[in-house]
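These are the structures, in structure tokens.
Consider the two complexes below, in which chain A is the common component and chain B and chain C are the respective partners.
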Partner chain A sequence: MSTADHDIPAAGPRTGLGTRLWAHRVDYLFLVPGLVIFGAFILWPMLASQYYSLLDWSGFDSRRIFVGLRNYRELLADEFFVAAFWRSVWFTLATVPLQMLLGLVLAVILNNRLLKLSAVFRTLIFLPVVTPVAVIAIVMALMLSPFNGPINDLITGAGLVQRAVDFLGSPQLVMWSLAGIYVWKWTGVTMIYWLAALQTVPDELYEAARLDGVTGRQVTMYVVMPIIAPFAVVIGLISAISALNVFPLIQATTQGGPFFASEVMEVFIFRTAFAPPSGTFPQLGYASAAGVLFGLAIMGLTILQVLAVRRTRRKEPGHG
Partner chain B sequence: MSGVTLRNVTKTFGAVKVIKGVDIEIGEGEFCVFVGPSGCGKSTLLRMIAGLEETTGGDIEIGGRRVNDLDPKDRGAAMVFQTYALYPHMDVARNMGFGLRMNGWPKDEVDRRVQEAARILQLEPYLDRKPKALSGGQRQRVAIGRAIVRDPEVFLFDEPLSNLDAELRVATRLEIAKLHGTLGNSTMVYVTHDQVEAMTLADKIVVLRDGRVEQVGPPMELYRNPANLFVAGFIGSPKMNFVELSSGAMPDGTPVAQTGTARTLGFRADALRRSADGPLAGTVSVVEQLGDAVFAHFRTPWGQELVARFDPGTEIRAGEELRFDIAGPRHLFDADGQAMDAALRPAA
Partner chain C sequence: MIYRRTPMSRRGFLAGASALGIAAAARPAFAQDAAFDFGEPMMDMPAPNGPLRWLDSGDQKGVFFEPFLAEYGQARGIETVYDGLPWSEIATVVPLGVRNGSAPDAFTLPLDMPPAVAIDQGWVQPLDPYIPDIAEWRAGFPAGSFVEGINMRDGQTYGLPFTSDRRSSCLLLFGREAMALTEFEPSPENPLTWDQFRAAARQITENSGGQIPGFIIGGAQVNRWRDVTLQMASRAGAHFGMAGFVTGFDYTDGEYKLNSPEVVGAVELLLAMRDDGSVFPGVLSLNAPQARAFTAQGNAGMILQGPWNVPIWEAENPDFDFGFTWTPAPEGADGRTYTNSLPATANMMFLNADAQNPAHAAEVFRLMGTLEGQTAWANVVGPSDPAIFPAANEQAQMSDRSRAVIALQEQQVRATPVPYSANTGFVEVARLFQMPTPDIAQTVQGLFAGQLTDVQGSLDTLNQAMSDALDAAIEEANAGGANVTRDELVFADWDPMTDYSG
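And then the complex of A and B:
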């Protein structure tokens, strides 16, 4: 990002890697704790799961059979896996645009200095973000309950529906309900991202526009939006990756039900590995293969994000 | 084109009064510079004229109209910001024409005005460039262009040269001075903390301190007849020398003729002449060779640092013992710091 990248002096006379490592041995010693933690908790599980994905193994006994890519072949033919994969994609596509749009609208409103109590509103909107998922799951189960839940009371009372709606118990509605809960919980974070983006618009631009007789709406449309547009790529991708990691919310509300109707990728992996339906066995090898495939999908998205961020930085105002 | 009048203007931020009753009359076509140290309220005053800050008390008139309650866009003022305030995603032409277009002006008229402004500011080759592809000086010219296309009654400049390097600052200063002539002597109000900018650009300087006007007048009037110690010290480079007097004598007891009851004697660096039997003695501490002048900073027997100007080429060395006559104009100030030798008062 900075021009300092070009100012790095040329390397000194080259010596052997071993010699250089030995010369800086004390420096490298300081890296050891970090490397150990990274290795034990990130690198090892990743490599291990790739190995497990090639095994027929329950994860709980010593009987491990190497089956090559059989797990992968079976997965691609497994309608539960395919459904869960597309459900994750659907969930991301349903939540991210809505979350970004809502976050942007709220940020633009709350960025207005003239708005009194904007700090209070920001805090209120951010409150669901810091509330534990388990608490939200319990509260939402009560709120959305078809049995005297306040939301059902409200909509039946207002005559919008004849009978109480089972938001979390209906296979047709459950994903929409979860998407709604998710957007409600996480819009605060998107709003904070947008607010940060809005801080990059200097006050003088608003003032110059005011002197020019440009209306607030025109300033937002023609000045602010084009300036913060490059941030949309980054915010969108961060939101998308977080929407793919929705396991805690779904596990705490529906556990993937009813009838697997809310089983997204992560819930599928968890169920296959640790909580199989009664009468079947856990399949850690099979679940690992699903994890690897899902991981590859997320990695693809992450690479896309890195490329997009680089592109955005190049296009960012002031970087020329 | 019209003048600007400020009548008993005040401004408070919460409990803090930052502008404490300011009266200024800026004539039509005048180039008026507000100058003063940081925090004196000069930028606040400019923003109040623009309408970007509300006025707490008093009246602001532009072209004889009271504008206190008018929206910034209706005041007939255009402002050039220190940071240029250019829209980074628009090219030069769009930056200059944006305000007009948003106000529904016909495209042909907007284009005509943009072309005209670009011609005046020599920006024609850059019309399709984005601000980031321009130098600081060019960006500031675009900001000025954006003001010109509006054909305002008053141009307001808020420290427009502060973000430029020394060389560009001098060049852009000259361009602004030329522009004042080119634009049919439009009224310009210019804020700076740099007294050199004030001296070189202004028809009229308003010296501000702590939310009050210290003195108003043409640059040379302020230079020759400062109304008080503050103005005397602020206007002119190097700073005026001040010597505390006690019963008509300098701190080392050397008597100074015709000082009356004055408490402070002021004289500029160029008022000192080297003289073997002059009343003012000192040891040279630093010599500054500026090419067209030599400034010798010397330490008096009572330990005060003063400065004297010499003709170019004069050989002076640090450590040299010198004596001076105060041959040029002298300024006398009373115990309150007010000038005694002329009936000067801070007034328009």
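And then the complex of A and C:
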């Protein structure tokens, strides 16, 4: 049944927008709460930050000077902004593939109905996801501490290193350490996404494969994977956006240090907007410009992945 | 290096990491013998216009003011509402509240906002119309409590300066058990020199078999690197401002001194201690509360930290035997450390220009400027945020050690000149000044982490950047009509061994 069949007269004189709105006023009324929330908490902040990005404004006094694109020009010449941007990109590239691969492996294993206690394992793997970041930060600071930290005890005891490693204080290691913590915390979510994807594989295919004498590995590679592959684009998109929003973890562990070595974009924005050096004014306009540029980058990534989804769908049977 | 196997307890670590004020757990005792006596109203008080609302940054202030205001409300027949918010929220709540008319009757300003800006913007109003005996009241405060350009403007009184900023965030605090491993016996009468400080850290580390690193710092908090460096340099004889556009600015000649031999020497001392292996491992990922907790657990020998550690350790770690002394100074030097002004501007309270109950708020201000109010504060807060009346600190209930810490700071900390008192146009300079990145704190952290390697070169670059930034801010401020010159920042009559009294 087409939409036209359902509720719009197929023929007849065209009516104005106002008339149509009035005719469906009750329907539109139900949209109002959602629109108000969307406008207040998403649309308005987006528009406001774009406006603020054109100002020289500290954020707390009435002196706002319109400076056009000056903040953007200064940002592009700001080595700390550029470094933070690429650090965010690095973090995404370092974490997302690993997170997706681990999540997939775990999902395939736990999707096996013959595996006993799979629900228990799922819960255990998902536990870090629901644990607050602040708790994770404190626990990880203990675990990774070079002073009596269990991980350092383990690797020094095993003779892997001569002296304790400062995982979160070493400029060379800090981003890798944070990436490891991040993957550990969020792989459970990716696993759940993959498990949902696996539910779309019809039981008949498993049954047919079993009757054909196909091995478990072959089922996974030649039956399951082709079916769930399109989901990878969506899962990758969600994971990438999540990896770009890593502020709580970094702020709670390293605060972007040592000496900017873990300062990703969100920490840069926070530092310029809300945490200026003592006794100086914050730069909300400048930070807003950084936020807008970062938002555009995420939007670009989103568009790329949406295009990838469409392309993948077109390749599916039934889509020509 | 192998460290001992008796780790700090999780409980202790969590306690430090959460950085909760110990006082929060206890009900405050405003007065030593009886309930606080609010006395007769200071004037014929108007009828309440809704509740009396008060906003500050919480922590110990919340421990004191929430019940204090409630008792005041009972005494005066007015409902009171207290809110304590983190600074990040004050930075948004107060400006928004002022704009839409919902700001509380009394509030503290966003942390980085010079009071003169709030006065210029019309956020706050003078106390003079509400406190009948205001000249007499002001006279009860120690000299330097009311500064034109900070809490005074054109002879009118704006801010309540109820706490003293005569605090050093870098006193040398040490565990006596650890110090017993060295040849030194530091005390307020016997401070350590830089060389002794370094030697003590090395001896603690070595003589404990590497189990107790000699020195710890919350190095993930970049401000700790700034404070430690600048205060040790000040003890070496440098004398400059400590925050904002006057960070490292020498008021005696109008030049920045962030590349001076004193600052270079302080940084090189920290690097030498790192290279000695006597700095706690992992300091670059520790915050200050964690470093404090490690010290109290006996896992580190010495820390350069503020007086607020004293009541926390006394309450949380009663078995921890610790001492304190001056910030270390080089052999033969005996400089002071500095604060930008005697009253602590971060704690200063202001009267909303559109307050619903201005007379009641002003009366609470007035009470906090009496010996009784100051003593009530000191009874609750002790040396953490000392009362601005020395007499209140002397007669308040606190441990002998807490009282001694305050006494030491009376000797060690001096107030610098205040630029705004020379010319209020410097408020505009403060607003326009763009701190170079990296600043002094980040530079020292980078040097310690090894990402920067040339101490003198890095500090030369920073010093020049600071000077250029100041010139740029002055030029821009003058373009807007500020009418200031850099020469006005030279206070040739200032003796750096004393508070600047103008």
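Quick note on the criterion: the second predicted complex is superposed on the first by the 289 of 320 C-alpha atoms of A that agree within 3 Å, B and C clash if a C-alpha of one lies under 4 Å from a C-alpha of the other, contacts with A are read in each partner's own complex, and residues count from 1 in each chain.
By our rule, a residue touches a chain if its C-beta (ideal position, glycine included) is under 8 Å from a C-beta of that chain, and two chains touch if they have at least 3 such contacts.
In this text the structure is predicted, and so the values were computed from the model without any measurement.
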Which term applies to chain B and chain C once both are placed on chain A by superposition, clash or fit?
fit
To the nearest 10 degrees, chain B and chain C lie apart, as seen from the C-alpha centre of chain A, by 150
Compare chain B and chain C by how many residues of chain A each one touches, and report the one with more.
C
First (chain B), second (chain C), both or neither touched by A:A261:
second
Between chain B (first) and chain C (second), which does A:F274 come into contact with in this model arrangement: first, second, both, or neither?
second
Touch check for A:H24: first (chain B), second (chain C), both, or neither?
neither
Once the structures are superposed on A, label A:R73 by its partner contacts, choosing first (chain B), second (chain C), both or neither.
neither
Identify the partner contact of A:I227: answer first if only chain B is touched, second if only chain C is, both if each is, neither if none is.
first
Once the shared chain is lined up, is A:L168 touching chain B (first), chain C (second), both, or neither of them?
second
After the superposition, what is the least C-alpha distance between chain B and chain C in whole angstrom?
47
Residue numbers of chain C touching chain A in their complex, please.
1-5, 7-8, 10, 13-14, 17, 88, 91-92, 94-95, 110, 112-113, 117, 121, 213, 219-223, 226, 243-247, 280-287, 290, 294, 299, 340, 430-431, 433-435, 437-439, 441-442, 445-446, 448-452
In the complex with chain A, residue positions of chain B that touch it:
50-52, 71-74, 77-79, 81, 83-85, 87-89, 98-100, 102-103, 130, 132-133, 146, 150
Residue ranges of chain A in contact with chain C within the complex:
58-63, 80, 138, 141-142, 144-148, 156, 163-164, 166-171, 174, 253-255, 257-261, 274, 276-283
Per the touch rule, the chain A residues reaching chain B in their complex are 202, 204-205, 207-215, 218, 222-223, 226-227, 317-320
